[in-house]
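Two complexes come next, and they have one chain in common, chain A, joined by chain B in the first and chain C in the second.
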Partner chain A sequence: MNMALLRRSATYVLLSLAAFISVFPFIWMALGATNKSNDIVTGRLSLGSNLLVNFQNLLAQVDLVRVFGNSFLIAIISTLLTLAVSSLAGYGFEIFRSRVRERVFQLLLLFLSIPFAALMVPLFVLISRAQLNNTFIAVILPTIASIFIIFYFRQATKAFPGDLRDAARVDGLKEWQIFLFVYLPTMRSTYAAATIIVFMGAWNNYLWPLIVLQTPENKTITLVISALTAAYTPDYGVILLATVLATLPTLIIFFVLQRQFVQGMLGAVK
Partner chain B sequence: MNRIASRRSLMLGVALASVSFLSVAAASAGELTVWCWDPNFNIAAMTDATARYTASHPDTTFAVNNVTQDEINQKLQTQLLAGVSDGLPDIVLIQDDNIQRFLQSFPGAFVPLSDSVDMTKFAAYKVAAATYEGKSYSLPFDSGVTGLFYRSDYLEAAGYKPADVQDITWDRLIEIGKDVLAKTGHQLIDMDYNDDGQIIMMMQSTGQWYLKPGNEPNIIDNAALKESLEVFQKMAQGGLIKPVSDWTGYTGGFTSGEVAMVPQGVWITGTIKSATDQSGKWRVAPLPKLNDVEGATHYSNNGGSSWYVLSSSKNQEEAVDFLKTIWAEDVDFYQGILVNQGAVGSLLAAREGAAYKASDPFFNDEPVWQNFSDWLAQVPAVDYGTFTPEARLAVRAQLPNIANGGSIDDALKAIDAQLRQQMQ
Partner chain C sequence: MSSLSLKGIRKSYGSLDVIKGVDLDIKAKEFVVFVGPSGCGKSTLLRMIAGLEPITGGDLNIGGKRMNDVDPSRRGIAMVFQTYALYPHMTVRENMGFALRFAGVAKDQIAKQVNEAARILALEPLLDRLPKELSGGQRQRVAIGRAIVRHPDVFLFDEPLSNLDAELRVHMRIEIARLHRELQATMIYVTHDQVEAMTLADTIVVLRDGRIEQVGRPLELYDNPANQFVAGFIGSPKMNFLSAEIVEKIGASVTIELVKHPGTRLTLPVTGGAVGEKVTLGVRAEHFGLPGKGSVDVTLHVDAAEHLGSTSYVYANSGGELVVIEHEESRHTNGNDRITVSISADKAYLFDSAGQRLR
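And then the complex of A and B:
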């Protein structure tokens, strides 16, 4: 009895410690956003009174509405298109049999291991030839067919009962109707989890937007934060405030979809 | 069939419409685009320069964009490699120790400014950094000319006068540092062992570099490097260095009043002066010099960058004329950026202006800018070559070991080996 209690409390202490370690950077970031740059540098860890000043300084340097608008536009369109294309592909890979199916899929998985930096120059040439330089389409297009999300949907589809599909067929549904009216609602939690993953990826994307977006009015929030840190004497209060603001959307989306996310990770169909 | 065709053209239309909706019109003709970083420094200075130019050339407009150093390197590299000049700026700022890589990898990508600008007007070492095959490509901008910033109150408390740190050697500075530490409890300097800035300042003061001209490593037989590392080791072993882990910690070490001295490039002045409560307590001496190395001087450099005109620019002549008119001739302009941004340019004539002649109450009313300007003209030139970043990484990897008392000869061998491996 005592032993069990001891073990239990040890578990809690350990978990609390782990939780503290993962949450601390966020607390530090939030507190930092309210402090002066000099206070942050000297390690002040309490709530400061500089939040409004930091906000004014940030507004003076950055057109927040425009920058967030750009980021949202890119992230939302990117998420919708990626989910549409990649879930369809994942579904197709699992449901429809073909002799070359596994080969093609293995090839895709192989492509996953190619670092983006290696693809960047040819991709840039491609985008420029298509006259898409400095457009949001150039940022969105290469992300739509996401191999990871295709893989993720294929794995999740393995749990999608064949009986359900057969029943739908007997009822006279066409293939696209089965996908839209049977598969899609059943896999809601998988979609929720994928939404978080894709949105976060699109929202935080840095290297590729950096290369293709050239004028200041097209910049996304990640590029702007990076520019803030480049000053010889950076204003850490302003940088941390911008980082807090940039973290909020993904945080909100995560909390809204939290339950589905956890379910999606466990598998959509029980 | 017809229906499918019309549906296709509809889709194409939608796609095209969204392309034009999402794209933003390219810069209008006659507008010069500039890429540089730091709104309080480079961008502010450049904006000031553009305002001066448009006053006499109302047809020329400018867009000064905030693009970080890393971003500039990344974007230039990608675009020059891809051969796509779309969206590249007319004028770009590049760090001095990085420019040879671009000049040598992409011949013809930059406009040789020495064809139209008299380069003898600028500090020779700045011009040398951007010279390749007999032509100079840069309009030299901010200098990293070094000085020894020190807290005169701490020195005084230990019984030293300003004259005692004037024109001394590093060994003498170590003696003073030990004394100051014993009497006041303040360590001599702070340093991030992941940054070799202190080492390169000592080394360049003798005209030596990590590489010889022609991109040959200059490590094992580099007497200046060896003595620099020895000085560093003596300081670390004597407890004179407060180790810090990053730039924030580094600047915090002296703005908080902890350490007594800052041997650094002149651009650190703004950060030092940001601690307004320490006004009048600081002074600046020339950098100490190395003992046993031939050609040792009190003058060196750390960091600094320069302006370049890209050959792909459609407004090349305007861009060159702008740099020539303002950056190579306008002495008044240099007074403004000195006062407002603390930017010390490389134009030697700038010292004739009023701001350069003024003394600074923060530094005990010393004529610091005249001093820096004197030193600027005497900094030994070095050839940064194309492998400076690799060399610096190899040196940094050995610094913690050296600080802990490790053998310097072994460290030099390890640096040489790592650098040669990287250069293959």
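And then the complex of A and C:
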């Protein structure tokens, strides 16, 4: 056998292995949602017939509409505000010149290295003093100014043609109108990619909501799934079904925006 | 249509002076071309007129009003960019009507003005297309259409044809010249392509290093360049420069000797200059004559020859100085040949060591 064929075969084997490792948890999750807890524990990996029962059990334990409503509300508002504030900041950092611009930006990047665990306690004190504990605002507020998204938009803005801004100025647009009517529609794919990143982050956020949301009626889906696992005898069928349901929105958003996502990511790094 | 006047216009970035005091009067309906090498400040000057770059010093008047600090949209100008700068998410129609929409013009009036501009530029079939569905030439026509729609007093063009291929560039050049005739508008056009400058301009402004070198009609600049820089910049192929030295000065004439051709002497009617002074002899490619038909003959080594059919260019070497020759005999000359040509004193230029014209 010649070397080229051997090399290609090895590549395929490795890629298949990587694909299997990536996809297996999702398959296992989806199959598990149709099985009984006992079957899952014993390692059954085929389609079961317990989906409806699991669903009924989930509904009996969790007010799904409310929990999903909470998660959606937080994720959507958080995404909209984060995109609005952070894209504006990224645009501003790139477009407007100032002597301290680079210093401030470097400082921001430095802040990226501070782990959330270190910010948790002061943030909690801050939120408590503002009497925002156990509100959605408390969950949303700290996420709005995302340094990563500011950085991402600044990088993407480098590809935004300066002539387009000049043409808009000659056409009589004010700076905020240029941002709204020229920059925003031109950078659609960048926004699409950022939407996926921010929405996923907000939807999957666990630690901070766990700290600030105390009452059951305010809980989000991540907190509820976590609570399901904390039972004395956890029902894995129910847990995996809840996990499947929790995964669906991000999956849908990703598939709807994936073309723009890829374009947006390319635009940011080109 | 407005006239423009620039008085002592300066632009600095910190301690770096980019435009170093420009005085210029542009008459209404005039087609003025700013030309110069890269980095000479021509685009910066245009952007200052447009209001896209703040003016550090001096006065800019458009239509008799001082415009230094007036918003770009209120200067009565419209600008066409090298990159077209069309809004990618809008159709041609929306692109063209965008400025009017923001100026609060009524919808039916916008439609009327857009249709009128589309008619002038033959853009009617493209009105509902997006910029990405257009070719380079069509995009540039839309960009010009966007400017026309606004009925500006002054049109500003920033190297509008640089992104087009050679054939399309010629076509668009003719189109722009036609537009100027039709619209009777004041136009300022920036280019580094001196052929565009020569063919389009009523007046050419040659810039170098943030200063105006010469202002004049195209043939005036070609025939009577103020200095060696303008002589070298205007004309294609560019003027040939041969180093020489003044060896004799009698009354109002000097005799020079070509440095690379000892013994080859030429007497020119020049009042300035002194014996021993290093000078530069300027000869245009088409001014070389047949041997014996001029004031003096020189024999050169041919590096290459380009026979274009209607004309031929011979690239010859005069002791390291490149000489381009265009004349009847060129058609039969090839690389590695030797060629003898004559230089006529009445068609030659002479520049001093600082590049100023002596003759």
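Methods note: the second predicted complex is superposed on the first by the 253 of 270 C-alpha atoms of A that agree within 3 Å, B and C clash if a C-alpha of one lies under 4 Å from a C-alpha of the other, contacts with A are read in each partner's own complex, and residues count from 1 in each chain.
In this section, a residue touches a chain if its C-beta (ideal position, glycine included) is under 8 Å from a C-beta of that chain, and two chains touch if they have at least 3 such contacts.
Everything numeric here is computed off the predicted structure, so don't read it as measured data.
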{"item": "Room on chain A for both chain B and chain C (clash or fit)", "value": "fit"}
{"item": "Chain B versus chain C as contact partner of A:Ser9, first or second or both or neither", "value": "neither"}
{"item": "First, second, both or neither for A:Ser98, with chain B first and chain C second", "value": "neither"}
{"item": "Which of chain B and chain C A:Gln56 touches, first, second, both or neither", "value": "neither"}
{"item": "Which superposed partner A:Gly172 touches (first chain B, second chain C, both, neither)", "value": "second"}
{"item": "Contacts of A:Arg188 with chain B and chain C, given as first, second, both or neither", "value": "second"}
{"item": "Partner chain(s) touched by A:Phe124 [first = chain B, second = chain C, both, neither]", "value": "first"}
{"item": "Of chain B and chain C, the chain that contacts the larger number of chain A residues", "value": "B"}
{"item": "Touching partner for A:Val41 - first (chain B), second (chain C), both, neither", "value": "first"}
{"item": "Touched partner set for A:Gln258, first chain B, second chain C, both or neither", "value": "neither"}
{"item": "Superposition-derived minimum Cα distance between chain C and chain B (Å)", "value": "23"}
{"item": "Residues on chain A lying within both footprints (that of chain B and that of chain C)", "value": "none"}
{"item": "Residues of chain A defined as touching chain B within the complex", "value": "38, 40-42, 61, 120-122, 124-125, 128, 132-137, 207, 210-211, 214-218, 223, 226-227, 229-233, 236"}
{"item": "Contacting residues of chain A [partner chain C, same complex]", "value": "161, 163-164, 166-173, 177, 182, 185-186, 188"}
{"item": "Residues of chain B that touch chain A when the two form their complex", "value": "18-19, 22-24, 26-27, 37-41, 63, 65-71, 74-75, 78-79, 81-84, 86-87, 248-249, 251-252, 255-256, 267, 270-271, 274"}
{"item": "For the chain C and chain A complex, residues of the former touching the latter", "value": "47, 50-52, 71-74, 77-79, 81-89, 98-99, 102-103, 146"}
